[in-house]
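Each of the next two complexes has chain A plus one other chain: chain B in the first, chain C in the second.
Then we have the complex of A and B:
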């Protein structure tokens, strides 16, 4: 018995209000701050329905769509990471563990390479490429990779360790093929691919947010239904089944939910590194022993961290902004190390 | 009869881990499964709980084949506690015991008064009420084992399968667990099957004993008959004798430390 465990349990009533407040604050900060200096008074007047046309277009056509897209993607990646970490009982799990990121990378690469031959590009190849279809291509690839790994692991009896090993192996192969294609075949398309791979919210529009919205809404709607299986899947299969859980069915459902959340998000914003990995750890750290708080905290922190990460990237790089994926990777490592130090 | 099985066989690859196991239990009976390491005790328990598919034969709860029941339906009738189960360190006793109500509440139904009472009773029976908010990593081995037993009790199942519930516990906690088993059987009519290593504890606490060796059933009967059969010495390859402690109690097996005395 350590001395620490005798300290009265700290209250956590402030946690959820604080999380909601930080979502709001990060949203406001991201709307008010940006590369183009729009005075705060102008932003307020735009939000109240007035303001100059330029300010209106900056807020409503540039900033808000990318902020909303980022928040939705952040929520999805974080929840997908939490589900994966819980059901594979692997604290290092994130959407790349089940090959979603790599599968999406490969299909996005293939898509950009082959559409040149299908669509007749004009003189400016990049502008003519059908980038509107990128999210869908990425999502299909991510889901397909997740599906392949699931089927392989299913045949081999679906133990968490096997899912992990299959995921790493298949992910490595898909990634290698994608990189090989890019290296050998690239040209102008490389720029789009590289920007997408690093994870970026650059030039995201309301179309992207609308593409994600149904997935986010559906994902959040099923959270209450997957909560109890999620708790039980923390146990070994014999224990979970003894408590009455249909292990295989619930494992599959949760894997599918996390795959769909991760693949749709990765399709839109690219594989934003570390959000799916770090956010659930942060949520767990803040929620402590209150497991019921971990899910809502993951949702809130997913939105906050992507919004703030993107804001930092926009402000740091000026006109040549730093992609959000780079920011989360750079900031994610120290956060993860700090959390690991606190974990016994 | 609450739990029966006939000709139950389990195969691990080419190896027959359990070969034609037979068992039939009366309500409220305490049954000990004994046998050397690798004799199939855990396998038998897992097959009875429907956790491994048998290669032959079947287990049945109240006459219904376990294989035909959903996991939740099984869990309402039968609780199984494996050896050394693992749980996340930051989980509290109360949260663990709450999981025992899953077979009753399922995915959607909220916890009713009835469920909270079952959780309170389970905590109280294992003496854990005051520790309910401790996390599992803060507990001693004995407390952790009791927490798991408490979670199994919260299921309020009529059948309780325990895989070596007293292993790794000191003698005080061992007696506590056996005492709890006895009370559950006599006061609540819970039917109990437990794999156990200590032969004297098996003899003292159980109504009937099944002796397994290499996956085969060697004996099924009352403790006194087992003592008289000479099978203990033969199966475990030890020398010893049964000593009468009291006229109305089963005898005590006194093992000779043959290898040590032989070497001296």
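Then we have the complex of A and C:
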């Protein structure tokens, strides 16, 4: 046996309960704190079924839906990031670095621009736009961008690094087109588009959470099924094949799962950058090398980080809240740059 | 391709650029005949044709040519400096670095004159590309790191820019128009603002073509030939960012020109760095002039921002470069 195996293993038994507790704590903090000062006693009475109607509507119609939406989106983005990082063997993969977010941005923009002409030619007001369809539009775009990247990379034997570079190229092109369209035709829709692009949980309702829920549940449900291929895809293709893995098929399935998770989340909350990148690293840092532990940690931390980031944005901005996308970009970039610098 | 052929190639490309500019004076919301255009060019008067040509169409076309030449040379310098075929002002984060502080100044420091925007852009572009290069350790052997580092720096600055736009409220429409990159309504004054920065970058690159050529070999070779790396690297980086700093406040980001033009120039195979730089500048001018012409004629009376056209043009070049398989990816395998 090697020397390494004799080193006593640090006990990780406390990690999962701690993660669950932090999810709960962040949920509580997000429910109790907000721009509108609802006294803690009122919140408690609302949660137990009593309380004033104002407090009730603040908690149940404003805070809780956005918290739940954020948690679901955070989980999806984090798991998508973990899968991408593992199968591309690139520690820096992230839905917003490989073009999925930009694809979603483009379709959301297109959707907003065209629906104005189709639905109600005379009107430019926000209220009459079919905003409820935005998540679906974004998801379709994200999946399409993922598909293009997959097709390009398929010709390159699914080489992990080229997938990343293709993603960057596609992402840059799609982003440029989206910004151009916004500038050329955006006029009255600029505010919605801008808010969406910056990645925001502002005014998210139970409908948004319900849209995400099936994806989150399905994504978490397939995790046990994709666990083994995920572990094996950490290795080079020949090694993975030698374990009996059908490399191409499993790679494609995992890429599909990760794109679906990321695209649906981006459709609802906009491109919240770097969550998919930073959370898996945090999970690995805490959980060590045990994949069985990294996965649940990624799920929990995804929920926690988005909830806390959104809470920080709500409290920091006052009436003009800071979008969560800005918070995660500010917090995530230093982490990313340090990581990039360290990776060989 | 020897020197004589290079001269011919450059002359042909410049002639093509000029004719695109000339014929580009004709189409628009009001279509002018070639005869009218030539007449007003020769003898400007106060009539509508003259105003269309002299104050609307000519300055923007010239601005497009100048911006194209500047961005192309900037891309050439960045590629030589990093010996990385994927380097360009956009990929290294320099463009986003120039854009973000300018947007912030526009919104938060409205008293700041627009003449100082290039300086702001220069500082921002230098800082952003310095971070990217630091992350990629120079970027020589790590094309992926350079791209990822640049993209993440750009995403970071992009998030800030979007947030500033959200804060800006009604001003955001004008800013977004500028952010999409384009030359609509650019005036002689703006052309004059941009010109010295681009001229400085291009002239500097041409003057230092020997240094550039040595850098293109390897750091060791350059040092072996007596080059002070820690002096010349920053000098070349500044030279590369100068055109970006000049172009960004006027035209916004014009994507992928800096990436595509140098590769096209190299495909022609001129001999020596000086000819490559000159060809790159000429090709860049031609690309952006054509893109500008396409952008304003495809969807009359609306305008497509030139950034879209260049992105559609340059994106495939980027993907071709990745697929061609000349990048050294072995070093990046974890």
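Here is the rule we use: the second predicted complex is superposed on the first by the 319 of 344 C-alpha atoms of A that agree within 3 Å, B and C clash if a C-alpha of one lies under 4 Å from a C-alpha of the other, contacts with A are read in each partner's own complex, and residues count from 1 in each chain.
We take it that contacts are C-beta pairs under 8 Å (C-beta built on N, C-alpha and C of every residue); 3 or more make two chains touch, one makes a residue touch a chain.
In this text the structure is predicted, and so the values were computed from the model without any measurement.
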For A:331, decide between first (touching chain B), second (touching chain C), both and neither. neither
What is the contact status of A:323 with respect to chain B (first) and chain C (second): first, second, both, or neither? second
Tell me which partner A:244 touches in the superposition: chain B (first), chain C (second), both or neither. first
So in the superposed three-chain picture, is A:225 touching just chain B, just chain C, both, or none of them (first/second/both/neither)? first
Dominant toucher of chain A (residue count), chain B or chain C: C
Is A:253 touching anything from chain B or chain C once the two structures are fitted on A? First, second, both or neither. neither
Is A:164 contacted by the first partner chain B, the second partner chain C, both or neither? second
Would you please give the residues of chain A that touch chain B in one complex and also touch chain C in the other complex? 344
Touching residues of chain C toward chain A in the complex: what are they? 86, 90-91, 131, 134-137, 143-145, 147-149, 151-153, 155-156, 158-160, 162-163, 165-167, 172-173, 176-182, 253, 255-256, 302-305, 307-308, 310-312, 314-315, 318-319, 322-323, 329, 331-334
Enumerate the contact residues on chain B facing chain A in the complex. 46, 49, 51, 70-72, 74-76, 79-82, 85-92, 95, 99-100, 102-103, 105-108, 133-135, 137-138, 151-152, 155
Residue numbers on chain A that touch chain C, as the complex places them: 89-92, 96-97, 152, 155-156, 159, 161-162, 164-166, 168-173, 176-177, 179-187, 190-191, 194-195, 197-199, 273-274, 320, 322-323, 325-326, 329-330, 333, 336-337, 340-341, 343-344
Touching chain B in the complex, chain A uses residues 1-2, 5, 9, 225, 228-229, 231-232, 234-236, 238-239, 241-247, 284, 288-289, 291, 344
